[in-house]
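Heads up, there are several structures right after this.
Next, two complexes with chain A in common: one pairs it with chain B, the other with chain C.
Moving on to the complex of A and B:
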């Protein structure tokens, strides 16, 4: 059983953080909330999302899985305005999700989740941790996009740096420790990442909201932030770029 | 039922049937990837006929080397954008496997990018009108070449036709890839595989049958396994006799090839020739196309256009039979082959075709229809109507009476002189228990009934007489 009422903005938030990476996803529903963990088709990034039942206005659920086509779902959510109340109900007999937006009733067929693997949270030691305001980071990433398709992130005990180099142009963002919310690291660390993945990960966070970055040297990067009034949390993992010579 | 070609897909490279030499080259290439830096030839092309083990060995290789697999085949739209988003992105970045574990390439954690049916990319712009999704493979070849140039991960391209890959903008692939050719697998090896499958499935069989299947497959392991499976459905024992069940197999081979041409190519000139070489009437060929169309064209827009072409062809067949003018056949043929062929905007991975289920249903229901018509004929004679009318209007009511009124049934069996089979048919499965009773009753009453009827008519006649007598009592004028 799954029966919930929720503001459209929360659902849009879920779509914003998942749809850039995966087209189809298996949502694990429990009485406490909904979670999702999925690897993108190119096997480069993973999204790990958790949203508490508190984020919903009403929430009643047993343990179950919902296989959702995110392109389709995001199309449906475009029918709703910001602030609309949306009711979700699982129709077990037809394996459909009944979505009510005002007087509109939309029944959406679900995907079979049988073939979808259960990803675990990988065990990684990432020695550096940076908490940064979203606006600061996205400015640097936006600038880099115009120059190259990959960027270097580096950190030492005093600064966090972002560097992108194209054929003729470069971008360099240097943030000293006092401009960051937090910076803890043991030693220097540096890794290279694809910009389009990285920018997709941070684009839904706006303004002064904090983003937590965990990284090491030539290791995946972990990007964490809250959404839906801190009742939802998303954590991305991005594999580094292979350095070509 | 599980597809045996998937169930028995080789788990490791040494399980792949045949082509030892190709497998050796593939393994050697894979070993060059185990160092820290990518080798010079970052991609290989596996080229060979269908069913020779190309895809199987690519997947088995990944398993042997514990590599994560990204596979793009004909069921994905492989345009520039998809290839960039999946293959290119995968090629230049490190890997998280399907469980989210980090696979560091310096520690041998590679991901294998498999581009299946890479010679089947449509380069032309074929955006279907009014549809939002683009299924064409536009610019796909260019994207593949670029991906190979910058990749940090191993790539395998799989093709049936190496020339098809190289021509039209693919020349540079010659320099940056190694070609590994797969040959038709020899019959003995196929027989061994078939025997192993039979053992696993607990099916007893004779060697001669397996040999026949293997020979007919002409080195195509997949089709041999398919054939074996279709023979074994619902059986524990198969022998050469079972092969008669697929008696029209050889002729089907040609029709299968023709279907493949209709569904896989767009060359209308070629298709015209094929229609002539198929040994069946064009309207039968149409049934084959109709049966397989929805299995092939998975994109809804393609399917709609395909059905549209088929329906137009059918209109011409209607005119042919109405006017008995066979000059209209070519129009119908072109519509059903060429029309269906150009209806697609992409190629599909399907390679199983089935005979028309309509014809099969017709064939299996033939005895039943025969009985029905003979009953309808007898009934029609009795009621002085045509067989068609008797079948359509009288028979349903008649059956209902027959099933629910046992006396009626007895009488009718006698009157219409129905055989046992016909009586059984009329009773249907639900009322078949009454059969014995009716047969006995009909036999017993054969003579009695006549008597009873005679008696009845006598009574009637008597009544008439009596009435006449009563009437007779009325004095006539002459009495006075």
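Moving on to the complex of A and C:
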């Protein structure tokens, strides 16, 4: 059983954070809230999302799984305006989600979760932690998009740097510790990442909202941030690129 | 191997073109028709798709696909082995496709044509996944939980009467489980293969309750239905297709060391 009422922005937030990576996801529903973990088809990026029941205006749920086609769900949520209250109800007989937007009733077929196995997250030790304002990071990433398809992130005890290099153009963002919310590291670290994947991960975080980056040389990068008024949390993992000489 | 097109054909020209190329059985031709059409389908249900500009594909095995200008999925189709005829009526091209098991038919009427095209395509490749069949088998041995929590693998390449099972083990309830791993899209014959293996194991272990799981990157609906009918299961695994490029690592490389996992002996 699943019955909830929530502001459209919360659902759009969930979609923004998952749909750039995957077309479908298994939503694990419990009485406490919803969580999901999805890996992109190339196995390069993983998203772990949790949203507490208190992000919802009304929430009543038993433990269950909902296989959601994110393309479809995203199309449906485009019908809603910001601030609209959305009602969600699981229709067990037809394995559908009944979505109500105002007077509109949209029944969406769900995907059979039997075919959606759980993904394992790698166990990583990431010795560097940087907390940075979303706008600072996204500016650096946006600048890099015009120059290359990958960027380098590096950190030492005093600074966090973003660097991208094309044939003729470069981008360099250097942030000393006092311009960051936080910087702690054991040693110097550096890794390369695909800008396409990285920018998709951070694009939904705006303004002064903090993004936590955990990294270690040639290790996947972990990107954490909150959404839905801190009632939801997202954790991304992105596998690194190998230095191309 | 002929490639040919007519832009803005008349119904009569298109009809002649399509008939000519559809009939050539040696080096079968793929046909494309783009135009303003109406689709009338009758099978277990009845549907009518009103006039609209679409792409119709008649594949080399008889499959017919109708695609609208947007969205991923075809709006209508006929499966491989279908028959198709072309004719002209009232200056409109009519493409009729049908097959018998179960009986279905589709009639596509074109009141305007933008393009007809044909070519003969050669494609022997199956869907390439990041990891050979052995790697997927190895992955399951290393992490049986990826298929199901509590699953234990006890034997790899277990010989049975009908052949060799990829993986054999037990689930959390100690029920024997037969696992067949396929590198490409699951087929009907894979279902029959699994069915025979499960039947052999039932006789070997003298257990009525033996589970069978078919693992493949993709399991089509028809195959899922057949598996269900036989009381068998499926998992879509290793759907990873092509990596962006050689320099991009995957998260799986950080999950386990690159070594063969050993199978613990099951008491």
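Everything that follows uses one rule, which is that the second predicted complex is superposed on the first by the 243 of 245 C-alpha atoms of A that agree within 3 Å, B and C clash if a C-alpha of one lies under 4 Å from a C-alpha of the other, contacts with A are read in each partner's own complex, and residues count from 1 in each chain.
Note that in this section contacts are C-beta pairs under 8 Å (C-beta built on N, C-alpha and C of every residue); 3 or more make two chains touch, one makes a residue touch a chain.
Nothing here was measured: the structure is a model prediction, and the numbers come from that model.
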When chain B and chain C are modelled together on chain A, clash or fit: clash
Which of chain B and chain C A:37 touches, first, second, both or neither: first
Partner chain in contact with A:117 - chain B first, chain C second, else both or neither: both
Chain C collision site on chain B, chosen from 19-27, 37-45 or 55-63, when both complexes are overlaid on chain A: 55-63
Overlapping contact positions on chain A, where the chain C interface meets the chain B interface: 39, 41-46, 117-122, 124, 194, 196, 219-220, 237, 239-242, 244
Complex interface listing, chain A residues touching chain B: 37, 39-46, 48, 117-122, 124, 194, 196-197, 218-220, 237, 239-242, 244-245
Contacting residues of chain C [partner chain A, same complex]: 72, 130, 143, 145-149, 219, 224, 233-237, 239-244, 247-255
Sites on chain A touched by chain C in the complex: 39, 41-46, 71, 112, 114-122, 124, 150, 194, 196, 219-220, 237, 239-244
Complex contact set, residues of chain B against chain A: 37, 68, 70, 85-87, 89-90, 92-106, 111, 150, 152-153
